[in-house]
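The same chain A turns up in both complexes below, where it pairs with chain B and then with chain C.
Up next is the complex of A and B:
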């Protein structure tokens, strides 16, 4: 981390439940890295589907646990194979197979919840009294589309999405009449075409750093494959547009 | 009886492409290590006789049907290995469309991912004469993004591989650049679709790792 990043004047909001991954991007028995404010996290899922979050730092030599892997429903460090259970306690030290690791060898863990297709985590130490923000009504389950990284500050993304910088969730009406770049056997008949002329895309923003935003893209309700692909392409073009505008803005500032 | 020799440098990304292709396609070759550090064996006249530009990897030998002239460079070796493996192996392209898409991604791996190979070489071995001093990760990011966008659409339509319904040499050509990008400080976290694909590649029978590419994960 550069010094500039450490003394970031712009505070990255680390309070409350923050989205750390799309559920489908974390298959059983896998791990990924995430970040909430200054807190780096290893988010992992065991073979039964349960999600855990741990400080992304191995107590042995400080290596990043998110570079490791999940074995026997424990998070294993890539470097010397120490394994940590759901509560963060070290259970196995391969170099000393007979040894039962002391209870004090552990990583810090954080609460997680999976809902609306997203994995949420909180690192503010507040006992979780309330649930993460509901994205849609329970009657309308979401269809996950993708995660996308944008190399621009969250305010630039908010501007492009037409929401205030404090709003973390945007709802975008995406017309789907131009989806047919590939002919689809299940194309709607003219009579349902009117009803299906737009879908609501739900975009959840997360500021990873000052110049880096992660978007979780979902669709409200069920959607056919072509519509999900359309929403994925829309997210790519949003990313390209925001990054271009952000770059241009920096150039203007320096002229 | 075939007898093939792969001229190889263990830490070189392109040589890993060739070793991985041989292992996954089930083609046996002896490895002949070329010391590219102090000895600069890639410039020795004996090696130049075989690979005139000094390019690694190089594959040469005798196949079941005759002599194999020296094949130099990862893309050429990958194509040769897929042919040597034979149609029954499932690694040769099945139709024209698939062959064309495989060619597309092989060319992507050669050109767009050249930036990734340069970055890694720079991070691991320091600058060499042909590196300009303004190396940034931007072109590498851009290339990995193209791959991520493609594999996101593939995942949405229920596919696991870059082309068609089974792994091809396109996957072998693209895999090392993603798997090794941590060597120069890029994280896999921003590429969930590529991470998912990486797990599929690592699960293929015959998969081999290299330093910087863990067996699991």
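Up next is the complex of A and C:
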């Protein structure tokens, strides 16, 4: 590691489209939390499948909206049930059912796009926002595997994936037999010939903080459950490896 | 470790010249207990039936009082004694300390949440409230200048289970009282006595600007529930509140009227914030 790498503060870049969730992880009428740079977000989906993003703070009493719920296709705060529509405008204050909330009561919203199995959001205010990066060709839909949290900086994850720190997406060819983890799985039968070929795992990184990276793991094309499970286990071992190496690196720095 | 920023400024008299609970009397054992109050480490020592409170840094002896199931002290010069609660002296009251609760937020947020009825159906679902009955009827809020307290009266809320002793729903009458920045209590209609209300107190010890310990104490009219049942009922409610309190941003209570948007149901909260601002409170608050 060079001197510069060791000491330069690593800015969390908040520009452009950022992956904030696997579409799979956000069922209809639900909400989850995300973060892009310093901006904390409530990402929610209405009953029709549309995804929205809002500042993760209710303007009433500062409660995190990502802990709220979706009701009548609006984002509702857990504290007092105030509801915000797709444009962030408050439409319902349950304490006063007869009151029409003032138009000034609102949360800040951000553009979102769902594509290639991922939900993307941008908070840099660039309008009109161009499309997020395509992960695969349209002919090859992705199969989502899982979201995984790694307690290490993105540069450590990039190194383990063998990509440049500026590349946020890695494509890893995973021979199926390499990721089998039980002896039985290691004994291929002729009917497994197809499974012996490699699958392409697409890994998208997102820096949540300086010491926290989220990885969205997908497979290019369709994949059977067994392959999804194997890719998931591969991601776990990648996490364990990166976290172990990162811890060791910190120890070396402090010796 | 000394963290000066965790302490009030010397001229924050509205905070310094107050009594604060340091522990439930029942939880204090013989020997020394270390507690933190307003960023200061204190040592509490017991010697049979009396307690001494000292500053850990200077060993200076601080005033100590036993009242309302707690041991109290102060770092300043309070005008009066520990808050008087007339009902506490009634001989047939059950005194129920509910267990100290650590909350990672400003104690002012903890007090404000205690004054709030609008969250009952959402946070204390099927206990203190339930949808679709969410409306907060108009109530009266006042600053009682003679005692310098904030009061909210004529409050009513329809509740599925207002108290441990409730059988079925009832419309509960409430009165709220803020006697000091970190000290609040409520009077609510009692299922067992139509003339005398239950009294529930929330005494808060500000550990630092964004950490608190809440000491809930109830003075109840209830001959049948066990002490443990009564305490558990209230503890369950406070644990539900803690989920909210630890997820409000910022942790410190904003005193500027524009920082957060109130509605009519928040009139007591608005009065509380205004009163804190007028008193010059800065500890645990912003703007």
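Things to note:
Here is the rule we use: the second predicted complex is superposed on the first by the 227 of 255 C-alpha atoms of A that agree within 3 Å, B and C clash if a C-alpha of one lies under 4 Å from a C-alpha of the other, contacts with A are read in each partner's own complex, and residues count from 1 in each chain.
Methods note: contacts are C-beta pairs under 8 Å (C-beta built on N, C-alpha and C of every residue); 3 or more make two chains touch, one makes a residue touch a chain.
For clarity, every value in this text was computed on a predicted model and none was experimentally measured.
Contact with neither chain B nor chain C is seen for A:171 once the two complexes are overlaid on the shared chain. Of the two partner chains placed around the shared chain by superposition, chain B and chain C are both touched by A:78. Contacts of A:155 after superposition on the shared chain: neither chain B nor chain C is touched.
In the superposed pair of complexes, A:95 makes contact with chain C only, with no contact to chain B. Shared-chain residue A:63: touches chain C; no touch with chain B. Touch criterion met: A:25 reaches chain B, while chain C stays clear of it.
When the two structures are aligned on the shared chain, A:210 is found in touch with neither chain B nor chain C.
Touch criterion met: A:229 reaches chain B, while chain C stays clear of it. With both complexes superposed, B is the one of chain B and chain C in contact with more chain A residues. Shared interface residues of chain A (contacting chain B in one complex, chain C in the other): 67, 78. Residues of chain B touching chain A in their complex: 141, 149, 152-153, 156-158, 182, 187-190, 192-193, 195-196, 199, 214, 216-217. Of all the residues in chain C, the ones that touch chain A in their complex are 116-119, 121-123, 131, 134-136, 243-244, 247-250, 254, 260-265. Every residue of chain A that touches chain B in the complex is listed here, in rising order: 21-22, 25, 27, 30-34, 66-69, 71, 78, 145-147, 149, 151, 214, 225, 228-229, 232-233, 236. Within the complex formed with chain C, the chain A residues making contact are 57, 59-64, 67, 78-81, 93-97, 99, 104-105.
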